[in-house]
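Labels A, B, C and D are assigned to the chains in the order they are written; within every chain, residues are numbered from 1.
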């Protein structure tokens, strides 16, 4: 079963997907594998493993800081792939997708990246600064599927286009802005998610700004799952036991998402 | 015989370089901008408004100055294209005017910009004031500290200067912040980029707005000497003054185009900004181009005594010219630039910007070996650099 | 109908003002200068060399800028003659170029000048560098302290800055020192005076060199508006930018000429530089004119936030225009100038020199009461004044 | 006997004139009359009484400083005239000439000046910044005669002109430069003085730079007298008893000048 089928199956089963975003190498590269386990334990359907970058221009202060800490601790794409491979060997039922900016991927080169990603069982690639028009820059045999993004200002025609480009799912950026936990999301987000789903025909996972389980009931019905990034990084920041903190952080989201309306 | 001028392809690429490496959120804004600019470009009323602004808000055509004593010093005639005489002291205002007129046509009410040394920020603040538009300039906290006077100039003209607190807190980070601001406010905000960098259509649009440099200079050279220069020389930070000169000149295959990057303390040290000399292709700030980066694709910090060249990227059209060989890129160190700064001041009574001093340094280095007239873009004046110069001298 | 332009009589007087109140030692030098200038003035090759220098070393014709937002603010069209765009940032270079070309024709090898804020010193140092002549600038010790950056600019361009240690150690004393230097070195040295002051032929010669301002502006107004301005407005220190504007305009009796002096902290205090408003006729620095002085004929100290207006004398032709009523002289206080400085910065993105801000202050003060288009000489840019401005603001 | 005749007579008698320059009001206005006496006692033929000015552009540092001290002490043209009148009443045989810049004279006005100068018995007026062409600016009934100046760079034609303008004597500025004691004067000074005398036909008194009695033998034969300014001011500067100092200063010059070659 490939990743696209995996997503489709969960969606079909009526389960809302819970997808934590973990910055690889944060707080240190040594934590990555155990944090992946903790998130799986906490109820993640799959995990986005973020590749730190010096210039994360789509990210807010929390993920910028996490990225910097990880880089200073020696995090690299290579090490992230090794951690993913280790985790995949141990727990193949929880897929890992890589999320990262174009440049570190290009620096490795599309072909080595495809080879190593395949070997590590990487399920998909999310590249926030690579529009589908430029996916050819990462084209290589064996490369995991790329995931398109949509934003509240994406025109309808573009949504249709994104739908026809396809992908295992569509990443719906819930806000105009960078990543970062927000206390409240705009009331128009559910309508945006519904529109996105309708126009693209793809499973839609919503991300950017989701910070509290209390937000789940408003958002989950309008899409197929939620991606949680900055709020998790914040929970890990300074935690005495990051692994426990990750699990404790995620469980309430899982509970909220599994609650039937 | 003239050659056709380079234009980006449908996806905004010059050969392998350029494009639009941006979040989906920015795509509609870039589409809107591309269309608006394509329309404006062919609209005589836009071009007339732009030309009038260049001529009266700044002083275009800027003079072409035959630097006699410098010429004697290096053995061939040297002509300086006096972009240092522009309003606010550098070529930056040319582009700022072009973009702000476009922004107004597009109905945008809020202007944002990134700035390093503050030259582009000052130009943006000025044109925003002139058109009564709200303006926010993103500037690294470290640069704010180093360039206090430019910060105050921007504030005096009504702009808000927003400190960029991330990364090295310099130009690269200010650019990240500006892009983040744009993403968050994309529907009301016009992002006025300061060089031939960023996602398509910025590199070609900024180049077009700066092309007055080369067009005017060609006509002035013809009028003054009846011929073409042997060399067209300019410093390269992001590359806007250089491309403004090179692009019109590139139609004439006999002109050698030479771009000078900042070699800082030497290209064999870690402290330089010689992107084409020492970098390799990568993606930063929305475009594929050459980049100073480590093996992991992490962007490294640039260094130059000249704040305006202190940038780890370079405009994609330069990367293309570099690859095709249409232009040659060399570098000059801090020490060579300082020497050129002093030399022009003493020989001609013109204090050049540290940036422009890099281009002059190439001419001085090649004194006695040059084969014909040099046309050099004197991109800015050096008043802004006096303090740094004195610090540098005291440090010796 | 145009009127003939004012010219000094045989003894160098404009009516009762001007002349040559100098030691006998300087008489031969002034005679030599008068003859050399009279010859040069009628020599097309001199005029061509001067015109070429104005056009390429600086950026003449400097633009005439229709300041739309300012116009809206004051109710009539305001046109700014952009002398701020000149090389080195003020009209001073026009005159420096004229005199240095003359000095070279006269075979002089050494140039001296006086300077207050340093603008004229910088201009002189630059043109001396450009022509490879030795240069010494006299500057009050107090001004050297206050204007360090301009001192460094001069030194960078190879000039020696000689501190004037006498009197109040400001411009007046620097001028005394320059005259003393000239007396001692009269056979080798050319004294390059910075305004329309000093003994004949300086006032009319400097005026002629600055008259490009008014001549260009008239032609530009005609071309732009098809007519003449109702007002010609300029700030008055020694009076060179004002006379450069007024003299050509004075041919048209329908144009009101308005010169604005510095009222400092108020013309009813002791701290101002409003020579025509509050002074009376006397002799200083070689000419009869109005003068700030006490009842004993001792020259008093001037005060203005603008260093370039901080002078107790005024050019004799202005005294003459004042007496005949051809021009009207008013004043603006430090506070009004600061307000104008901020207003133009915010409305137009042009930071004016404190000097020029005085002229703008008059326009702002008369907002709503003006009867037709204003032509204003924006004599310089305000970068040099930023620091003083910030100090002033902090002092509040 | 008017001042012109006075000079002519002394010259005819073969006596070299010794003319000290005293800055009025220096060190204080109270000293002026007694200093005039001291100089007369020291052998002055006549005295130049200098009027302090804020901007003495023909003067070197010593006389600038003296001028400033005098102004600060409240010296004025009015007071100088009063002092001269007092002295004249007491010692009419030693004439006093006023030396000063144009502006203070103009500030008083030519007519009041002429009236008061006449009343004070002022013998002549020396105005270093007023060329003979502009003497009309100080023309008034009763005004004492003005004295022309010549300098080493004055052309021959101009010397003849100055001669024809006339005056009680001609002030020959011995150097290109401002006032101030110089250790040595140029060797060409005697020739300049001789030329000046020959071309103008006027009695010639030499000034500017004469500082030591030792200079007298070189200079005196070529002219009709010497004017000594800065060196005297220097001698007064800080003197415990300025009156005694003035006399002590002048006597050696008198001795040197009376020595027959």
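Definition applied: a residue touches a chain if its C-beta (ideal position, glycine included) is under 8 Å from a C-beta of that chain, and two chains touch if they have at least 3 such contacts.
Computed from a prediction, not measured in an experiment: that's the story for all the values here.
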What is the touch distance from chain A to chain C, in steps? 2
Among all other chains, pick the one whose mean CA position is farthest from the mean CA position of chain B. D
Please work out the Cα centroid separation of chain A and chain D, and write it as a whole number of Å. 98
Distance between chain centroids, defined by C-alpha means - chain B, chain D (Å): 67
Can you work out the whole-Å distance between the CA centroids of chain A and chain B? 37
Contact set on chain D toward chain C in their complex: 53-58, 60-61, 64, 68, 71, 76-78, 101-108, 128-131, 133-134, 137, 148-151, 153-155, 158, 173, 175-178
Seen from chain C, its contact residues with chain B in the complex are 55-59, 62-66, 69, 82, 84-87, 89, 125-130, 132, 149, 152-153, 156-158, 342, 345-351, 383, 386-387, 389-390
Along chain B, where are the residues that touch chain A in the complex? 11, 19-25, 27-29, 165-167, 172-173, 176, 179-180, 183-187, 281-286, 288, 291, 293, 295-300
